[in-house]
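These notes open a run of structures that come right after.
Common to both upcoming complexes is subunit A, partnered first by subunit B, then by subunit C.
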Partner chain A sequence: MLDTVREIETPEGVSLRLRAAGAFGRAQAWLIDLLLRAAFFFIGAAFFGVFGKGGAGLGMLLLFAITWVYSVVCEVWFGGQTIGKRSMKLRVVCADGTPVTLIPSVVRNLLRVVDALPGLYGVGLVCTMIDPSARRIGDIVAGTIVVHADALPAGSKVPMVPSQLLPVPLDPDEQAALIDFAERAGHLTVQRQEELADILVPLTGREGTAAVTQLTAYANGLLGRP
Partner chain B sequence: MKQEQFVALHAEEWDALRFWLAQLDRQPKAALRSEKTVDFPESYRRVCHHLSLAQARGYSREVTDRLQHIVEMGHRQLYRPPAPRWYKAATFLLAEFPRLVRENWRYMLAATVLLYVPAIATYVLLQWRPDLAHSLFSATQLKEFEKMYDPSNPKIGRSSGTDLQMFGYYIMNNVGIAFRTFASGLLLGVGAIYVLTANGVIMGGVAGHLNAIGYGAPFWRFVVGHSGFELTAIVIAGGAGLQFGLSLLAPGRLRRETALREAAWKGARLALGAFAMLVMAAFIEAYWSSMSMLPDVVKYGSGAAIWLLVATWLTFGGRGRNHAA
Partner chain C sequence: MQLERIGVALRPRTTLEAMDLGAVMLRAHARQVWSAWFAFTLPIFIVCQLIAWLTGMPWLGLFLPWWLRPLFDRIPLYVLSHAVFERTPAWRETLKGQMRWPWVRTIAALTWLRLDTHRSVRMPMELLEGVSKQQRSARWRVLSRTLGGQASGLTWTSLLFELVVFISICTFTLWLLPGEALPDSMRNLTQAFQLPAFKHALIWIASFVTYVSMSMIEPLYVASGFALYLNRRTQLEAWDIDLMFRRLRQRLLDAGLAAVLLICLGGFGTAVHAAEATPAGASSSAQAGIAEAFHQPLDDKDASFSREANVVYLDPRFGTKHVVTHWVPRLTPKKIDEPLPSSSFVFADLVAGLVNVLMWALLGVAIVALIIFIVRRVRFSGVVLERPERTLSALKTSTVQESALPDDLAATARELWRDGHRREALSLLYRGSMQRAAAALHIQVPVDATESDWLRHAKALDDPSRRDQLVSIVRTWQLAAYADRYPGDTEFASLLSGWPVQRVPL
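On to the complex of A and B.
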């Protein structure tokens, strides 16, 4: 349950990774939408107010549109993102990773009525906490999922140092771990880098900063650099 | 092949595809005119292949994440829903929706009973014991109804407000009720049953009270026009809610989640159809029903014609061979 990544096998034979968005980010997106819609409604109502009583009718139509229509239109015709979701870099997609279509979007937005019970999305919140993919009831019924839409921070490059060959052959996942270490070392403190590198004393025969450099050199070798 | 060589060999193609996909998000028309469009399927397949290779060979995140992102963008474009078409909306309203209503006739029948039986019962009860109206509505509500349907009122059915204002109000109010009726069906159908019965009692209560105090004529003259669309739409939304709730209680030979999803698909389309009907009803209610000058023949004649139209539409819509789904 800690892992919120869903792997979807596509017809092309590769697996897509959908990273489900949790309750907190979605609540923020909802709040942004709510504020935007409220502001939009008040501006619209003030504008229609000029037309007197007929304007009140237009104001009511506007209220209808922003309550029931806004989310569906945004999700179906603007890539699964309302303005709030766009600013939080979230996206609604079908459970198989394809863009959301009209009927699922209608279902998930109509069922806000149930999710919003007993006020302030109580049911929805509990449901997102129980469900492994953080779906609320509307999402489960509609077969949709809210995912993070931003690109993962691209793994930083392994620092360039003259490469060295490994003294002993390593398994593929051991090699991958070595390269991962070299890629991510930049994000760690020097002490942590050394602590991790010291685990591999049997391989490098060194300790401290020297061990880190040595491992980076091996990683360069594995990547095929000169 | 080592990772660096692999990247050096293919990076150009990845960047080109990624650039084109990003352009497709921002300026779809310009992107579709460019010659890369023709290469997209082939290029996308190759990048998918590269991703598989990169994963199988254990290349680092730097490469796999990069490819993953391109594949995600491509997947989103390749499997995007078809663009909406007007004729689809028309076939939905003329053929698909009536068919769906007939297909779920049992639920529609149940919803009809749940709406009309309390309504008629309340109506009859109020003819017999008119004072019961006071236990159903508050004094202010009763005064409001009496003012709305006062025979001397130039605009029947409202105490104040212009046509446009009432149109907005009817849309907001009635469509909201229909949508909530469907959605609250999820609570084992209880929500839908409650909304239908409560609306039935209120309808019967208002009609019964006004009839008992002698304001019956303006009331019937008002409601006859739009009731064909409005009441039928409420019944359909209620039926949609009932079948939704029942799919959770008795999923039949499906898993509950699957049964619920299928019922939701049906229910959402029924709710969309009810939405269209209620827009129609609100239009009639605001602009036609409220006219008090017209003679009875026109009022009741048009009301009967609209009921007949709704019945014909729902009974025969989408029956022909041309509509074979």
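On to the complex of A and C.
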């Protein structure tokens, strides 16, 4: 089964799913960051320009800071998200899913020098296309990964109907599918709802609209509603 | 379409995640995609160059391959769509398969739809669904409701990627070529551009590099568009739920055909209320199971709990209203405009000088800090620091003591009970009883046996009075251990009498 998810099992048996982010989102986030930083630098440089030679020095310091310090500060102290990553709902985390710490963040940002070769992130782009978790060289060396941080598109709430208990016990993923169905049924056409519900005739013993209602009742029961 | 054979994990995804899935699909089938890609596009590319050469219009070599992209896009789409639902076709099969795919839509894409930015998503719909003309526009409206903007975004990002690859290849080549290897005409570019041969050579090189960068990015573009299409279909038709329901149905049918048939008969029989009765009966039996497991009626209102809850709600932190008073300025203070000093340059020089001094000071501090760091590093490099010992303090000490059981169980338990160690007394009673029960049943019980394990074992006892006694000991212990509810003195005494606490000969 092909998927972008990188699954990590903790010693407690909890499986964490990191949804690795690929080249498209990361490039867009980087572009947003680049424009923001460029605008900030030009405003700053114009301001420091008033102060003559000393001001030019300050401008250089500013350039240094927004080139090298900005990403590290954002990643370590602002939840692994630069402004661009935040707007694209991406996040840098360690490869085991823990928040990124100072040293990995510094390493991955220093290695931008390599990834940015020959000036436009050509190496980084090819690297994200090759790596299974779409990491660039800096990520691989620092042991970090960029993941999608936004919530998955979910359906609306399960509609309220008098709940019913399931006649047979179901596995957790099957129960999740029932609840998923009840949540997302509103986004499906009526025909498709009935088509899906008809698959489960062995469970509901009904067909058509009655089966849809029955499945929704089961979902209510699974959610512990009265 | 057989969803059971799909090779992609189906779940709702965000747009960006769907595009990433395209990259993953491409990576998984890279060999087949690119072998077919080059087998198909390279001859066409060479033909384009020949046409450009023969007609004497070198720009055609750059333009024609770009224009023919919708034609090239069929190759990755063919491989990936077959790879997702069946098996990955080899490059020969892909080339043969092009004959079977409709051509009309590709011709449309090559002519009046050539500049359509939605091609990546439109193509799977047109080539894979094969719907008629009337249905197509309606279908596209449904699909493109959310996909339109995403598809355009994908197109522009892919264009940027191609540009990146193009510039990277050019830059790397220029960096890695030794200066001596360059022709003399390259040394002076302004002169060189006046030579038509040089311009032609540049266009040849550009068309070749464009072909390479297109070969890298175009399959990714097609794969991501196809993944967007799959994601939209998954949203619209709930493919993931469909798949899960089918598996569940199969499992149910395999598990108990008789029971299933019974329910089905109930559902499709003449009496509709029969179907109503089946789940109701099932639910009542489930409730009976719960009641059996916990030996308490479900609707029993716990009097002591509600009393405690009422006390808690009396606490001012829950549910009461507070009145908070604080001072607010009646008049908002006006901002005072500070006049800028006219001689701002004197001020600027002053600041610049200050910053200069500050910088030198910072440099000094940095150097001193570096020296201190190095000295410490050298001094301590050989020394292994002892790790500070940290012991975790337990939240609550365990009441179960791992000591051997006393000979006279009843007396010891009674003594503990009298001294107020009720929990310890019950614990001892429980442990001792279980050990004796194990001896009576001639079974070896693991140390991690839970209370419910014991209840199960208790059922194996022949004597109903002994069984009840054992069950009531377990229940009393559970209530004490987990709910902090203790039995009365007489009740406790009744637990101590008879088997298993007293040694009664069998």
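Note that in this section the second predicted complex is superposed on the first by the 179 of 226 C-alpha atoms of A that agree within 3 Å, B and C clash if a C-alpha of one lies under 4 Å from a C-alpha of the other, contacts with A are read in each partner's own complex, and residues count from 1 in each chain.
Everything below uses one rule, namely that contacts are C-beta pairs under 8 Å (C-beta built on N, C-alpha and C of every residue); 3 or more make two chains touch, one makes a residue touch a chain.
Keep in mind that this is a model prediction, so the values were computed, not measured.
Engineer: Contacts for A:P132 in the overlay, against subunit B (first) and subunit C (second): which applies, first, second, both or neither?
Structural biologist: In the superposition, A:P132 contacts subunit C only.
Engineer: Where does A:L223 make contact in the superposed view: on subunit B (first), on subunit C (second), on both, or on neither?
Structural biologist: first
Engineer: Where does A:V106 make contact in the superposed view: on subunit B (first), on subunit C (second), on both, or on neither?
Structural biologist: first
Engineer: With the two structures laid over each other on chain A, which partner does A:I145 touch: subunit B (first), subunit C (second), both, or neither?
Structural biologist: In the superposition, A:I145 contacts neither subunit B nor subunit C.
Engineer: Applying the document's definition of touch, where does A:Q164 land relative to subunit B and subunit C: first, second, both, or neither?
Structural biologist: second
Engineer: Tell me which partner A:V92 touches in the superposition: subunit B (first), subunit C (second), both or neither.
Structural biologist: neither
Engineer: In the superposed arrangement, does A:V72 touch subunit B (first), subunit C (second), both or neither?
Structural biologist: A:V72 contacts neither subunit B nor subunit C.
Engineer: Once the shared chain is lined up, is A:V212 touching subunit B (first), subunit C (second), both, or neither of them?
Structural biologist: It touches nothing on subunit B or subunit C.
Engineer: Should A:G54 be classified as contacting the first partner (subunit B), the second (subunit C), both, or neither?
Structural biologist: A:G54 contacts both subunit B and subunit C.
Engineer: Could you pull out which residues of subunit A sit against subunit B in one structure and against subunit C in the other?
Structural biologist: The overlap between the subunit B and subunit C interfaces on subunit A comprises residues 52-55, 57-58, 152, 154, 173, 180.
Engineer: Residues of subunit A touching subunit B in their complex?
Structural biologist: 10, 12-17, 52-61, 63-64, 67-68, 76, 79, 93, 97-99, 101-103, 106-107, 110-114, 137, 140-143, 151-152, 154-158, 172-173, 175-176, 179-180, 183, 222-225
Engineer: Which residues of subunit C touch subunit A in the complex?
Structural biologist: 7-9, 11-14, 16-17, 19-21, 23-28, 154, 157, 160-161, 163-165, 167-169, 171-172, 175, 216, 220, 224, 235-238, 240-242, 244-249, 251-253, 255-256, 259-260, 263-264, 266-268, 275, 278-279, 282-283, 286, 344, 348-349, 351-353, 355-356, 359
Engineer: Residues of subunit B touching subunit A in their complex?
Structural biologist: By the definition above, subunit B touches subunit A via 1-5, 25, 44-45, 48, 51-52, 55, 57-58, 60-62, 65-66, 68-69, 71-72, 75-76, 79-81, 84, 160-169, 171-172, 175-176, 179-180, 182-184, 186-187, 257, 260-261, 264-265, 267-269, 271-272.
Engineer: Under the stated contact criterion, what part of subunit A meets subunit C in this complex?
Structural biologist: It comes out as residues 1-5, 19-25, 27-28, 50-55, 57-58, 88-89, 117-123, 125-126, 128-130, 132, 134, 148, 150, 152-154, 164-168, 170, 173-174, 177, 180-181, 184, 187-188, 192, 196, 199-207, 214.
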